[in-house]
Amino acid sequence: MNRKWICVLLVIFLTGCQQIYSVEDRAIVQILGYDYVEKDVLKGTVGIPQYGEEEVRTVEELNLTVNAESLKDFSQQVEKESSKPLSMGKLAVTLYNQKLAESGIDEFLDVLSRDPRVGRNIYLGVVDGEVQELIEGKYNQNETTAKYVKGIMENNMQRNFPKTNLHHFLYAYYAEGLDGFLPYIKKRNSHIQISGVALFDGGKMVSVVTDEDVLTLKLLLEEVKEGALPLSPEMGSVGMEITDSNLKYEVDNSKDIPEFDIKVKVTGFINEMKEQELESTQTPGLVNDLETEFKNHLKASADKMIAKFQEDQTDPLGLGNILKNRRRNFDKEKWEEQYPEVPVNVDVEVKITGTGISL
Amino acid sequence: MNKISGKQGVQIPEQFLVTPMFVFFIIHSMQVGVGILGFEGYIAEHSGFDSWISIIMAGVFIHLLLWMLYNILRDSGGDIVSIHRDVFGKYIGGFFSLILSIYFLLLALTVLRTFLEVIQVWIFPSIRIEFFTLVFLMLIYYLVIGGFRLVTGFCMISVILTLPLLLLKFFPIDVGSVNYLYPAIEHSLTDLLKSAKATILSFLGIELLFVFYPFIKHPQRSVKWAHFGVFFTVLIYLATALVAFIYYSEEQLEHVTWGTISLWKIVEFPFIERFEYIGIALWVYVIVPNICLAMWGASRIPKRLFNANQKLMIVVYCAILYILTLFLDDREIVEKINTFTSQVGFYVLLYIPLLFVITKVFYKVRNQHES
Amino acid sequence: MWKRKRGREEAKKEKELKTHTEQTIDSLFNTLAKSNDFKSYSAGSSHYIVSYLKTMCEPKLLNQSILPILTKYEVYTLAELKNKLPVEATEITKDPAVVQEKMMKGYISIQLRENAPDVLLLPAITVEGREVSIPEVEFSVVGPKEAFVESLDKNMNLMRKRLTLPQLTLKEVSIGKITKTRVGIVYIDGIADPDNVTTVLQRLEDIEYDQIIDSSFITQMIADNSTSPFPQLLDTERPDRAVEVIVEGKIVIIVDGSPHVLTCPTTIVEFFSSSDDYFLPWPLASVFRLIRLFAVFFSVLSTSLYVAILTYHHEMIPEELMSTIVSSRADIPFPPILEVVILELTIELLREAGARLPTKIGQTIGIVGGIVIGTAAVDAGLTSNVLLIIVALAALASFTTPVYQIGNTIRLIRFPFLMGAQLWGLIGVSMVMVFYVGHLIKLKSIGRPFFAPLYPLRFRDLRDAFIRLPFNKQSERPLQTRPVDPVRFNVRRASEKRDVDE
């Protein structure tokens, strides 16, 4: 009996010995960005929210920027400037300057995938311009940059932008025959804007898919449940709201050089139509015309994009991975040689289900 | 010492027996331990995404071993100590039984040390291991002295409590891509067998039946529950592996040490994020019955062998565990213990068919002599 | 525990018995005479000695039935007198022990002359007690509104009128070296397991103590593990609940002088079921039961989870909550654990202060404490308002338990959880939980598992554990009591189905 009590007392005393930092005593890093300064020197910026008094409940952001030679050095440098211990646990966004991304972000990825404290749902992004400027910019009274950037990415990935985050990128980074991509953002006056998709080959950024083709890329990557597809054919501008899409990859494995068939089926309705030449949308011909119009547009965009992928040796669609799963004795090197010449046929089908409630 | 007839020595009073149904929980919770948190990487090492076939192969093998186990035990009617004494005599048999006792202790050590490693890596990098282990082992001691019935009860609670964790698999399935998962078997049979061997090690635990068999009420009626338990384990491992294959790419798996825990990271609810902390905390309920069962088995054998005081044996074994845990405080050593235990466990499993043949012959000869 | 005590006190008991034998009726009367309410005088034509305790006797009976007879007739033996008296259950005895016992209860003793060895004892008992009133601890909106009172006989009456069955058996023992309290066990012969009955009787008889003031004394004395924070016998003040469990095959212990009876064997889930559950339709009752269960877990775990997450696992707090929590914690000088302990102790203080105050003052204290101290503490920056909400909710949730005893347990077991949380965060909380689950599995109530429908797993009993299934699904008595006759009613007849339009 006595022994038990001694143990209990021991526990209580030992509790006091540990140095504990509870949540308000930590500098919670929410956004982290790196700039390229010169070879082997990088500039890092962190954003730490400073929560205000209770009544006011404003959030300000504290930004620390240091130059460092390596990542480890960087965290030490930042620690020197911070009054509280840094915590990476709630990191939401990590940004890389374009030049840095082009020289490779492997080291950063390694750190992120190793640290058990970092989540897997965090967003990565490539910045056109200087990261420090973007993070330090003041955008909205009650929103930190981290929250703002995170919100932009979250919102866009719901609609027109293909889904990607740390996990998706790591998946592609490690997989054979699959390359990752990240949102390409830039600061424009007092706003931040997603302006395209940065394509990677391994850990190096190679090219950018521009805004117009982003939706096509999304259609080729996943099933789209929500999205807007504008089109400006000769007859005027038309907007289609996508409600559903289907995706199917097929490989003709029999020949030495494989052949890919990608079938995309898009369903949607027209929600915007301006100054069309034909007066009545009820004409069944018009819907058919529009369907063909959209189909041709998507196919052209996809063909152009895939040709660019092949030229740049990047494979965000994962054609290599698909081949690998369906073919015994997949030879990675051979595939990489073959890739630029592999025929890829995109077959798009568009179905317009309605034209809205007004004529 | 009335140890001439083994059957007399293992007669357990009615109030300490458990009903056949609980064999399901015991077998299942002995099999599922800390290994399931990170076995995806191990098995995919040899045969990639095809290793789900290896899991099924290993499962079939375990079912076979279980069938043999029940056969051996039915023929003898006692536990491993009496079988060993019957077959190999007092001294050699006793020695074998003692090895089994040490093996159980090794199992407990592996699970405990690996779990501590998980805690160190994922939650508290600077935890005072000596103090934590002390409290943890005190807890284990408190449970094990409650006897087999208490440990069984805890197994059941643990299974019920951790079952909802399976629902969390929904999150990775939602995120993952089925597109790249295509059932083409591209690995050779040897590769598959290698993976199967790696998988079998996650299924260790059925050999505990050797010790607790006399504690089952109507033991032969528990056969179906035991098989059901193994089947359930296989099913859970299969589901876990498949979800991991959906979530991770094949090459990525090799870079992931704790696949399942990393999966929990993406679970998000409006009020709580980052489920791995809750997951690991709940995993205490999987670890505790696992260690308790192993400790109970380990301390039960000396009791049967030398009539030793079981409480004292538990204290001694806990002390051994404590000291060993303090010495093995290196990531690499933890890895090594795991490999070592796996090897030993594999031989213990291989010993079952051997014992099966020996006992079959032995009891046949003895019965002929008697008649 | 009660076993060890038994051996130690064996010697004392013998010694006491000896003093009993030395006592005579004379010395008894001399002892009693020291008290002013003892009356002894000679009355009637034959100068009988009439003695009694004034405060325990009914004067009406003495004046109207006994004294007139004594003056009217002249008799020479007590037997003759006994026949003449129009009083039932009279007794002639020489045994001083019997005389003492009966006179202390309010019997009138009559002797032929002073120092005569024979004594005629006439019952003229009057007991002052409370009238049957409405239950206050276990109040229910619908259902019977009678509660037990402090008299064993009245309580027995309350039960027997609900259960008119000849097999309803009362076994009485008297416990307490000085108080000699009457303790009865009630069960239905033929349903209750005889093993349980013998166990309970055995344990009651083995109690060695000088006074039994209340049934809670008995709970602690015959509990299987008296150091456990969990009560192992359920106490109730509702006769309907008592009868209900008797019918299930359980045993009820009544203690004279206590308005609470004890039922056993019991299980942990029983402490969370209220009598309201049976008065409501089963889907409602089941949902309310689950809510209560959730409340219990919330009450026990919420503050420790707060400590664990804020101290160690702030990664788990979603971004949206982060600003709320951090800004409310920003000015607090204490670490979360200290903050929680201070607030928890404040709530405990309020409870303790309010518990024994008269209702009206109690209410005021509650309001003053709750609102004034709470707001002031937040304003002063001693605690964060997030925590204040959590602690208040946890306190509220702990009041949802229908049985008062388990509410106290919940109050206490929170603190080990807090300690675990402070030490090792969620892992610590988990480990404390492991300890309690292990403890609960170990516990027994009168030799039957306390954690019952969960372990050993009894699907039959689970029908009335976390949820309550309709009455027609509960055709068997709980396995926990090992009833001799397990069948409640004929299932087939009860669930006979009719076709459409029949």
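Brief remarks on what is shown
Per-chain residue numbering starts at 1, and chain names A, B and C are given in the order in which the chains are listed.
Everything that follows uses one rule, which is that contacts are C-beta pairs under 8 Å (C-beta built on N, C-alpha and C of every residue); 3 or more make two chains touch, one makes a residue touch a chain.
Since this is a predicted model, take the numbers as computed values, not measurements.
With centres taken as mean C-alpha coordinates, the chain found closest to the middle of all protein C-alpha atoms is B. Between B-C and A-B, more C-beta contact pairs join the chains of B-C. Most remote from chain B, judged by the distance between CA-atom centroids, is C. Between the Cα centres of chain A and chain C there is a gap of 65 Å.
One inter-chain figure worth recording: chain B and chain C are separated by 45 Å, centre to centre, where each centre is the mean of the chain's CA atoms. Measuring from the averaged C-alpha position of chain A to that of chain B gives a distance of 42 Å. Within chain A, contacts with two or more other chains are made by residues 11, 14, 89, 119. Counting partner chains per residue, chain B has residues 135, 268, 273-274 touching two or more of them. Shared interface positions of chain C, defined as residues touching 2 or more other chains, are 312, 315, 317.
Note for the complex: chain B touches chain C at residues 19, 21-22, 119, 123-124, 127, 132, 135-136, 139, 142-143, 146, 149-150, 152-154, 156-157, 268, 270-274, 277-278, 280-282, 284-285, 288.
Residues of chain C that touch chain B in their complex: 312-313, 315-318, 320-321, 424-427, 429-431, 434-435, 437-438, 441-442, 451, 454-457.
Chain C meets chain A in the complex at residues 310-312, 314-315, 317, 319, 322-323, 325-330, 332, 335-337, 385, 419, 422-423.
Against chain C, in their complex, chain A makes its touches with residues 11-12, 14-15, 20, 22-24, 26, 28, 30, 49, 51-54, 57, 59, 87, 89-90, 92, 117, 119, 147. Across the complex, chain B is touched by residues 7, 11, 14, 18, 89, 113, 116, 119-121, 167, 170-176, 178, 249, 318, 321-322, 325-330 of chain A.
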